[in-house]
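Here the structure comes first, spelled out in structure tokens, and everything after it is commentary.
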Amino acid sequence: MIENKFPGKDICNQDLVSKFPLTAKKHSGHKSSFSIAGVDFGLDLVPVIAGPNMVESRELIIDIATNIKAAGAHFLRGGAFKPLSFPYRGQNYTETREKGIEWLADAKSLTGMPIITEVMEEKFIGLVSEVADILQIGSRNMQNYPFLTACAKTGKPIMLKRHYGASLRDWLGAAEYILLEGNHNVILCERGVVAPHTHRATSRFLLDLQVVVAAQEFTHLPVLTDPSHATFWQPWVGPMAMASVAVGADGIMLEVHPDPENAAVDPLQAMNYSQFSLLMESLRSVANAIHRRI
Amino acid sequence: MIENKFPGKDICNQDLVSKFPLTAKKHSGHKSSFSIAGVDFGLDLVPVIAGPNMVESRELIIDIATNIKAAGAHFLRGGAFKPLSFPYRGQNYTETREKGIEWLADAKSLTGMPIITEVMEEKFIGLVSEVADILQIGSRNMQNYPFLTACAKTGKPIMLKRHYGASLRDWLGAAEYILLEGNHNVILCERGVVAPHTHRATSRFLLDLQVVVAAQEFTHLPVLTDPSHATFWQPWVGPMAMASVAVGADGIMLEVHPDPENAAVDPLQAMNYSQFSLLMESLRSVANAIHRRI
Amino acid sequence: MIENKFPGKDICNQDLVSKFPLTAKKHSGHKSSFSIAGVDFGLDLVPVIAGPNMVESRELIIDIATNIKAAGAHFLRGGAFKPLSFPYRGQNYTETREKGIEWLADAKSLTGMPIITEVMEEKFIGLVSEVADILQIGSRNMQNYPFLTACAKTGKPIMLKRHYGASLRDWLGAAEYILLEGNHNVILCERGVVAPHTHRATSRFLLDLQVVVAAQEFTHLPVLTDPSHATFWQPWVGPMAMASVAVGADGIMLEVHPDPENAAVDPLQAMNYSQFSLLMESLRSVANAIHRRI
Amino acid sequence: MIENKFPGKDICNQDLVSKFPLTAKKHSGHKSSFSIAGVDFGLDLVPVIAGPNMVESRELIIDIATNIKAAGAHFLRGGAFKPLSFPYRGQNYTETREKGIEWLADAKSLTGMPIITEVMEEKFIGLVSEVADILQIGSRNMQNYPFLTACAKTGKPIMLKRHYGASLRDWLGAAEYILLEGNHNVILCERGVVAPHTHRATSRFLLDLQVVVAAQEFTHLPVLTDPSHATFWQPWVGPMAMASVAVGADGIMLEVHPDPENAAVDPLQAMNYSQFSLLMESLRSVANAIHRRI
């Protein structure tokens, strides 16, 4: 009636095969792995992707790249093009767009850090692809299927963030659009979902760690988490990152800024350099405890 | 602490003005109205938009247009381009695309019914705009901001469906992108949200009628509902449509098919012609009771 | 896999019969009706239950009883014993307990209005039963099964409010505990559920009108709604009450206070007398439109 | 307006102090600890509470106690009195009640394992208190405030499970009722919440690990998790337990049964002995990694 109590494993798997055959596991031990710019995804390494919400300036992004590299991060993140819920930007907020992409390229060539950055529109896929080692598709575009297809066709590795209202099915269905183009370097990233229980007036998302385990039961693709956007509150980011490693996430994305309170966006959620360094050590210990490494 | 108990009305309105000044009401009685293809939106009429999920064939769409017109519907809906959660179509399912648009044009010229249909990609905006009296932006594209801007620039009236994970803020923020282009003929449409309480294994959305009242408190734009997609269960569509009229919705969108069980998609949710006719009579009574008309 | 797409009607009904055979419908037209203190439940009347959140004083409750009676209400509600989320009461808040029950008795004998009031503890069931025509079991006690059984044994009609986190199954399962004692005068009342989309910082519940229709598909018991507690915001109560009647609810519970801003609790949600009178007229029109009456 | 963006820490703490002053932290480093039957709560130990859903027989509970003790568990759990969502028990299910309590006593005296078991009704508090080292208050009774008070008055340590629909505020407010009686040995336990995203047709709860961190920000009480009831699916229990330790939970509750498939209730969620032993080793490694111990 109201809920299906014992669906049975066979029924499940049959359904999976028909809905997203490329995304679904072929057998219980099936897991994809690949190396992007020398960084392993889907193996024993748990890559840490760090950086600011916004690529605010050339100096800033180079400084951050240098510092997170020193702390052991594997990838640099930073937004040049960013979807915002409202069309008006904050006072000290400017989408840096082409300039931001240029600065990311500078940070990459100076520090050697590989880059992941969001691409929002088909017309910028080419530009972003020149610099980005991974194209990030944001949660708001997760169900923009023609755009997924266009990104997939570049052959670049893609990180597909889960929409905060999407079910696991919706998410895996979206991934299938990418795999269907023959692009198999797909990484999934959970970034918090709408839930009735968010615990603070400032936050409206709950980091769904159960979906990491659930996704890994159904798909062979690596699954990462982004605790910063989910919790929207820096003091909670560290513990949720620790939990992400322990639950078996295949990577973590963290917001880092030298001066969070004066960040252009989301001042409540970024860690500063020393908080990030300390967290890296703790994450490393947890990774070792589960026979993985950071 | 955990939730803001008494925010006060002034604080609220101040926030509104800064985030979505064009979408926000200027004063409590502020309400937009406009006529599209001779059908009033935002006035005492409660327009009923009806039709199939998919424009399956020329014959089908003409037959439906004729029948819903006879029952008093004001607009014909029908999908030619449709986003699907999985890239593979069902057995008897074919996205009819350009052909579907052509058949909608035929139905329009033969019956005089104005058309609303979804547009999914920038490259088809021109084609769809030739036939559609209202461009529908589906829930999955609600936060595809560059696409909203591109649709807005056509000057065509736009129906913006709420994403099933979107807050009221997200939704009004998206509408602001359209109004910002000088396009003021914007209609909002609630189509069900993810919720922990959906009552049937077949459905995963809850029609949020509280948001109709909430949206009307904050914005001057007309707010419609789509009970068919929300409930995913035909026996619940009628009562939720009745409630939509009574709560003050500015229109209703309903799925109608001559033979629901054999519809190409979503066979559980469509009404047949006689169910639709009977419902129209009931909706009319409720509309009269609140001094509106259908 | 993740969700059961087409469970089929037979499977559903079979499940129902085994889990809550007394609460489940025997056939699709099965509907219970009964008269309590001369007021019909489950027939064409849509009873309106009105009154303050708290029985603050003898004068107040008599004044309210008089006024809501004049406006056409059928039942007087008022809390003497009330569960509060925190053990400390507000400044001008005193649980009136035995005194409150006494004042309700006075209001009843002076105005002839039948009474519904909450009972919270087994030891007060006797006292409350002397005055109350209906025992109200609050949402927080919905799953206190031994207490449900104890209330059921009085033979008094019972209104069972849905817990704001309870599924339809949970709710009907709780009702079954009452019916199992041979007490068949059970009324269900939806009062808002936790949901990710509540639209105001002041509210955290969403009135779930879809559950009214869903419950009526599965059970023969009358289903009411309480828009005041759900919306926690007076301007939304009227429209949600209208929608409740139109969706087919078998009654409505409304909070009324002569001076809402100075009410002992929940000052944002109560209507004053003139708001209530006007709403009653509108509710009556909607009821007539669907061939029911108020 | 719709949500309070930057409430500020002071506003938060002020609110806390007035609503649940005893439950709230006095300062950021404030944390309660106590020893129950020689087991530390709130210190560096992360106690593991294990056992079956139901105390099915004397032999079974002694066997389980022996085996979980060998694997390093600190406490034995087992239900003798259990609230069920429906009044009818399954075929091989019998609530063992007084007998079950007796068998728990035998298991305790034979193995030395301290006991936690649920108490459901005031009249059984005395009986349960004779054997239980911790009284468990189930999620369905979390808001049964008179019952909380009655349990508190025994002076026994109490574990208060969070209702699956309760906010953090509701939960801490309920704890305050216990502390108010002078009973300070209170342990909180998160057991899954209703959420739109549960990923399997079999489960309807999501283990909320964000609430562990959130609760620890606001209260000094130890916070545990129960991954078994939350996930309702054994393969997910281990990873969610690992994440619980890493996120900083002050203990874990796990369902263990020698033959899960033939358990009297909830056959999908229990671990068998070897699964439990292996998990204990992994949990120990994670605990060590964060300078705690199991």
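Order as written gives the chain letters A, B, C and D; numbering starts at 1 within each chain.
Following the convention adopted for this analysis, contacts are C-beta pairs under 8 Å (C-beta built on N, C-alpha and C of every residue); 3 or more make two chains touch, one makes a residue touch a chain.
In this text, all values refer to a predicted model and were calculated from it rather than measured experimentally.
J.: Sort the other chains by how far their Cα centres are from that of chain D and give me the top one.
T.: That would be chain B.
J.: Decide which interface, A-B or B-C, involves more C-beta pairs in contact, and give its chain pair.
T.: When the contacts at B-C and A-B are counted, B-C has more.
J.: Answer with same or different: of all residue numbers used at the interface between chain C and chain D, are over half used by both copies?
T.: Mostly the same residues form this interface, as more than half of the numbers used are common to both chains.
J.: Go ahead and note the Å separation of the Cα centroids belonging to chain B and chain D.
T.: Roughly 45 Å, centre to centre.
J.: For chain A and chain B, let me know how many angstrom lie between their CA-based centres, rounded off.
T.: The mean C-alpha positions of chain A and chain B differ by 32 Å.
J.: Listing for chain B: what residues touch at least two other chains?
T.: 1-5, 7, 19, 165, 167-169, 193-197, 199-201, 204
J.: Applying the document's contact rule, which stretches of chain B touch chain A when the two form their complex?
T.: 1-4, 18-20, 83-88, 120-122, 140-141, 143-147, 163-167, 169-170, 173-174, 176-177, 180, 193-194, 196, 199-201, 204
J.: Would you mind writing out the residues of chain B in touch with chain D in their complex?
T.: 1-5, 7, 11-13, 15-16, 19, 167-169, 194-197, 201, 204, 218
J.: So in the complex, which bits of chain C are touching chain B?
T.: Chain C reaches chain B through residues 3-7, 165, 167-168, 193-202, 204, 206-214, 217, 230-231, 235-236, 239-240, 242-248, 268, 282, 285-286, 288-290.
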